[in-house]
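Following this line, the structures themselves.
Same chain, two partners: subunit A is paired with subunit B first, then with subunit C.
Up next, the complex of A and B:
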């Protein structure tokens, strides 16, 4: 709570400084809008629905990508536990693909898939899959032997062993992997949208920034940036904190 | 009467950098129904290894281990193991869920309410009813072992395998859990194979004591324990039994 108050204080200070710099008229208004005009522009964009639509679109795309990425990462990790050969294969794939920024794949993806939301989802899956698979593999190896023995003793099938022992036992690794994945996916999404633009008339939040620049709507540009920051903070500080509170903290598994 | 569990000419070795270390040498053991057998011996003499092979966790041995005439090839709920490690409960499940989960794995066609009723019965048997919704990290070592005991008993195994389950607990908790185990063993007529390095524990719990030592003298002797319940009196029989065990152990 104390930290929240402090953060709020600093945010207010930044806005105040911004307003002061604006009032000195050092920079032309078209490049450096006032905080109030940014907030007005933000409210306008929210009220006319364009911002809501852009946020909704971006979140839909990112959750599709996250879902597919998580599914693949979990499946690959399960297969790696089952067959050592597969683990060496997937580890090789990780070392090749993990250091590669998704955005570097863009030209290739445009050629192969095109420029619609499928292409963006592809980049998000790429951003999510490798760090998450890496974390899950580490987590699975760290599962205490005793839980596995208990699982064997009560006659769990392989699948149940994965779902009911390996997965929950490595949850701390899963969640921290998901945090990394989210951060990478969110960055990749905004960048990709700015390059791809809108498909079929609907674009995401990255597209909104791009459009604002084209129309020299600097206030709108700032408004979009504020929205991107806010969503990032909400997911990282609220959503993940909530998930951890409902799982790791509740179970005393916090490392 | 044929034994419930039969171990015949059991040999077990570990290999460490191509060096063979024999752990168990020609061990023979019969376990009959309702027996409470304590396997007593020094640390590292192969007691836990024996229990693991009987449990089916380690099948890399020579010899015969049979349960009801059938070779043991894998772990099964017929032989549920309770470990020394107090962290054998699943931390993401409450006390009640920890007991229900193995039941659900076994009797998937049963209704959840029925399984919960069974679990609650065993929870009350071990005195954990008040802690149904607690998570393992909120429990003391003794409470965790009580829960592990309830989880094992609920599965109605034909043999309960206990690998020094109380050795990491403080003396008072250990003593109350020993009493609880005796009480449960008398009440539910279970067959128990209990590994310990504590002479008094073995004397207090068992009907038969298998004194083990390092290979090749794996079994030094098997002593019947006829002490009457409740146990703990320092009477003549107690002293005689204690003497007999010590003689075997340190001979």
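Up next, the complex of A and C:
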């Protein structure tokens, strides 16, 4: 709670400073709009539906990408537990692909996949898959030997070993991997949308920023950035905190 | 607590110092000019001016001339706001958007009237009516002249100016051409010479809309705009620059053969091909179509308001067509 109050204090300070700088008229309005015009612009965009549509579209695309990415990462990690050869293959893939920013793949993706939402999903899957797979592999290795022996003793099948021993035991790794994946996916999404434009009819939040830029709507630009920050904070500080509370803390797994 | 307050004060002072420094980076030198342009045959007079060193010959030796090539109009506008660029070349719609948002600039000259066209490879698309909501249209950016012309045509033919606004994809001319050729998800490309001519030469590509059809008359494709700061503080340099530009335009019109040879190297085409494309272009200092663009953009919400008198957007003495 104390932390929240402090954060609130700092946000207010930033707004106050912003207003003061605005009032000094050091910069033209087009470079530095007032906080009030930014908030008006934000409300307008929410009320006329364009902001909601953009947020909805972006979230839909990112969850598609996250879902596919998580599915692939879990499958790859399962296979690595089953066959050691596969693990070395996956580890090689990770060391090649993990440091590569999704946006760097852009020219190739345009040639191979085109420019619609599939291309953005591809970039998100790329951002999600490698950090998550890496975390899962590390997590599986950290599962205490005794758990595995217990599982074998009571005669669990391979699939059940995965679902009831490996996955729950490496949950902290899974969740922290998911956090990294989300952060990377969110950044990749916004940049990809600014380049690809309105994929499939409606554009997402990145496209909204781009449109604000070309129409020189600086207040709208700030408004979109505030929305991006808010969604980032909500997911990282609220959604993930909630998941951790319900799982890791409840089960006493939090380190 | 005292310690914390000290920190806060320190932080605020730091921020102020940073902000005010950014605000003070206006250029001090007087004998220095920066010109921004983009890619395409529409900018030929500028290329001629550069290649023949026409400006250098007229200016004192210590004058610094910066030629900047930027990828899109938004970047040119942004550079002009912060004072990195004095003269920028672009179409009328992006100029008006900047003007409406309070940029201190005016048009100094017309440059080019050019054919521009919407090209598709899809056989079943003959007119705008045949474009489905799934067909994506590549053009430089929303708010560009291509976008406004497309909206004009959409209003005329389909009764809805915003009809295609959600199926645009922003691409530079070369990227758009590439995307059209691979026939994946870009169905149509709104472009200008030489890309226009090159696309039309490809088997199966055809034009479904021309700029002239959309507008109903000739219009300036590119104009030159200057910041008031440059115009007011460097009047002499300003005059020399635009007189020289006028001479470059005259040179192309009087010696097209020679100009084509010069330009062919820059655009990596044969002189014959270049000459052929040059025939379609009209290089003129007269600004055309500014009223039509302004009225249409206000009526359809691309601008909130526009100029009352033409003097607000054109410098004194600039020729324009009503």
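Rule of thumb we're sticking to: the second predicted complex is superposed on the first by the 254 of 255 C-alpha atoms of A that agree within 3 Å, B and C clash if a C-alpha of one lies under 4 Å from a C-alpha of the other, contacts with A are read in each partner's own complex, and residues count from 1 in each chain.
The rule we apply is simple: a residue touches a chain if its C-beta (ideal position, glycine included) is under 8 Å from a C-beta of that chain, and two chains touch if they have at least 3 such contacts.
Quick caveat: nothing in here was measured; it's all calculated off a predicted structure.
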item: Three-chain arrangement built on subunit A, subunit B and subunit C clash or fit; value: fit
item: Touching partner for A:168 - first (subunit B), second (subunit C), both, neither; value: first
item: Residue contacts on subunit A - larger count, subunit B or subunit C; value: C
item: First, second, both or neither for A:245, with subunit B first and subunit C second; value: neither
item: Contacts of A:98 with subunit B and subunit C, given as first, second, both or neither; value: neither
item: Partner chain(s) touched by A:6 [first = subunit B, second = subunit C, both, neither]; value: neither
item: Touched partner set for A:160, first subunit B, second subunit C, both or neither; value: first
item: First (subunit B), second (subunit C), both or neither touched by A:31; value: second
item: Least Cα gap, in Å, left between subunit B and subunit C after the two complexes are fitted on chain A; value: 40
item: Subunit A partner contacts - residues on subunit B that touch it in the complex; value: 55, 57, 74-77, 79-81, 83, 85, 87-88, 90-92, 101-102, 105-106, 135-138, 155
item: Subunit B contact footprint on subunit A (complex, rising order); value: 144, 146-147, 149-150, 152-156, 160, 164-165, 168-169, 171, 247, 250-253
item: Contact footprint of subunit C on subunit A as seen in their complex; value: 13, 17, 21, 26-31, 110-111, 114-116, 195-199, 201-203, 210-211, 213-218
item: Complex interface listing, subunit C residues touching subunit A; value: 8, 12, 15-16, 19-20, 22-23, 72-74, 77, 81-82, 94, 97-98, 101-104, 133-134, 136, 141-144, 166-170, 179, 182, 184-186, 302
